[in-house]
Amino acid sequence: MIEVRQVSKWYGNFGVLDDCSLTISKGEVVVICGPSGSGKSTLIKCMNGLEAFQKGEIFFDGISVGAKGTDLPKLRSRIGMVFQNFELFPHMSVLKNIALPQIKILNRRRAEAEARAEKLLLRMGLKAQAEKFPAQLSGGQQQRVAIARALAMDPVAMLFDEPTSALDPEMINEVLDVMVSLAQEGMTMAVVTHEMGFARRVANRVVFMDQGKIVEDAAKEEFFGTPRSDRAQQFLSKILQH
Amino acid sequence: MNYSWDWGLLFRDPYAGWIVSGFITTCLLAIYAWVIAFALGSIIGVMRTLNNKALRLIGTIYVEVFRNIPLLAQIFLWYFVIPEFLPADAQRYVKRGMPDPQFWTSVLGLGLYTASRVAEQVRSGIQSIPSGQQSAALAMGFTRIQTYRYVLLPIGYRTVIPSLTNDFLGVFKNSSLALTIGVMELTATARQIDEYTFQSFEAYAAVTVLYSCVTLCVIMLMRFLERRTRIVGTASLGGA
Amino acid sequence: MNFDFSVLFQYRDLLLQGLFVSFELTFIAIIGGMIIGAFLALMRMSSIWIVSALAGGYVNFLRSLPLILVIFWFYVLTPKIVGHPIDAYASVLIAFILFEAAYYCEIIRAGISSVKRGQVQAGLAMGFSYLRVMRYVVLPQALRNMVPVLLTQAIIMFQDTSIVYVVGVRDFLTTADVVANSTNRPIEFYSLAAVTYLVICFIASHLVSRLQRRYAL
């Protein structure tokens, strides 16, 4: 589904990604982890073309993300993305946040879009917040609305960029639970996160990045058993202490 | 000081009529100029936030040229200099055929000058929006145009309502410069009444009061607008 | 259409004189405006209601008027009050200073309130008196925030000096206009005026940006 081939990216002399290759098959859940500055957020943003890269290729469902002729908006409408800072549109109600993209991008009728939005909100337990505005919701609620907003577009894959890093501890679980149920339904997911408990539960594979390189790419059991590289072991020991 | 007061003259003909017509001229001048300024300024402001280097440069040049030359000099340029460069037919129209050339020249000059200020406000409004918002919109599949239309401009404009109001008031105040090329706007009216009747205090007081009232009304309008369009959950600036 | 740019050179002395007048007006207006503006700002921040209201009223009133009108007020009305004619230059200066003071007051006020309350509290908590907190903590920060805005206002002031045209004071633009009419070469002289202002203001505002980037907090 998503194929990253030898992608490199740099700013002037500063290298951000170094010859990264990664394949995510349909239905797979891949967790990408690593220390700050390892390039994991950049890598995931390259997958839907939000960040450009100088070398290599990325294919989504056979379409080249970096090629000049690619219709990026159309491509992106099939990939859902959830951001660390939720990024709900503050001037629209929760319902409108979820409905508007469907109406304007997928050309759905308003009634259909709003019905879909309400269904998703119901599933998240947030139906009562439909007419509220983002600033009136807690962080955990906002992030769940953001996930609903992405799901409303019926994406074939979802990208998560540190979805729980900006949340207070009490709210992390409510978001992770939603992500777990998505994974169990068979959604193709790439998740940048520090939440190793989540990885242990639903990930198929774990990818460890350090200084722009993919250092380790192993099946979950293998990774948490004995990772091959020292760096990954070091990282894991620090993270897993929590 | 020997000065005989005559406040009643402000309400007598023809002076009352002059004041009314001067006030209307000022208002029309300001409103027409503001329409130009807002439309053109928004376009240029947006241009300065795009990725296209050429468009950004055009926007920057426009802003730098139109805000570094005094408005009075710009008005002189439009009225005395530019017509000379127009093709013969256009020149004839501007100088003889067009009704009220001084008025429309002032509208143009004032509009283009103010557009450079509006452009800066719009630019700063858009740039103050955290970049994550644009990323989120693009990630959903919105095109660049849709991103500006549904996210960047609605939020950006709301942020700069106070500054735009300042520019709008500026247009009202700057309209007074039109008197230098002969437009009978409000300040010119005061001068004219003074010249005819020598009742300087009354004339200038009346005009001063009118300008102050307009400012007060516009500020109240802005507070109303700000409250109506406020993004729920954020604080509005309101206050003095 | 024949252009004769040599006339610009011919009249360079007069034009330079006009430019000097523009600078002089700007400079005096800035100094006077800042001093009175600072007083007004102090008044506005006073806890005595009447003092604050008076200053506030003055500032809001003056900021609602066109500069031309204020100039006319002093040019036309002062002679009537004092009983004898007043030099146009003097009346224009008074108008500028009192007008700019209103704007400078607001800039200074904004600068001082831009320093967070926490800073004052931290200073007091350390044992500084309120006056010393102002001197060592608030004012240095406030000034750094204010200076770019004050300078930008000065550039605006420089442009505004062109308005003295309406009372015949021979600043740069007025001189250019007078000479343009006497030599019947409006294009050359008005263009020169526009370009000169453009160059001066452009350079000045870029210097201010660079200053701002270096010293911004």
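First chain written, first letter: the chains are A, B and C, and each begins at residue 1.
Operating definition for what follows: a residue touches a chain if its C-beta (ideal position, glycine included) is under 8 Å from a C-beta of that chain, and two chains touch if they have at least 3 such contacts.
Computed from a predicted model, the values in this text were never measured in an experiment.
**Student:** Which one of the chains is closest to the middle, using the mean of its C-alpha atoms?
**Tutor:** B
**Student:** Looking at every pair of chains, which two share the most C-beta contact pairs?
**Tutor:** Greatest count of contact pairs is found between chains B-C.
**Student:** Find the geometric centre of each of chain A and chain B from their Cα atoms only, then give the gap between the two centres in Å, rounded to an integer.
**Tutor:** Inter-chain centre distance comes to 46 Å.
**Student:** Roughly how far is chain B from chain C, centre to centre by C-alpha average, rounded to an integer in Å?
**Tutor:** Centre separation, chain B to chain C: 20 Å.
**Student:** Can you check how far apart chain A and chain C are, centre to centre, with Cα atoms defining each centre and the answer in Å?
**Tutor:** Spacing between the chain centres: roughly 53 Å.
**Student:** Spell out the part of chain B that touches chain C in their complex, as residue ranges.
**Tutor:** 1, 3, 64-65, 67-74, 76-77, 80-81, 84-85, 169, 172-177, 179-180, 187, 190-191, 194, 200-201, 204, 207-208, 211-212, 214-216, 240
**Student:** Okay, in this complex, where on chain A does chain B touch?
**Tutor:** Residue positions touching the partner: 45, 48, 50, 72-79, 81, 83, 85, 87-91, 100-101, 104-105, 132-136, 149-150, 153, 159.
**Student:** Which of the residues in chain C end up touching chain B in this complex?
**Tutor:** For chain C paired with chain B, touching residues are 1, 56, 60-61, 63-69, 72-73, 76-77, 80-81, 83, 159-160, 162-163, 165-166, 173, 177, 180, 186-187, 190-191, 193-194, 197-198, 200-202, 205.
**Student:** Could you please specify the touching residues of chain B with respect to chain A in the complex?
**Tutor:** Result: residues 130, 132-133, 135-143, 146, 150-151, 154-155, 158, 231-234 of chain B touch chain A.
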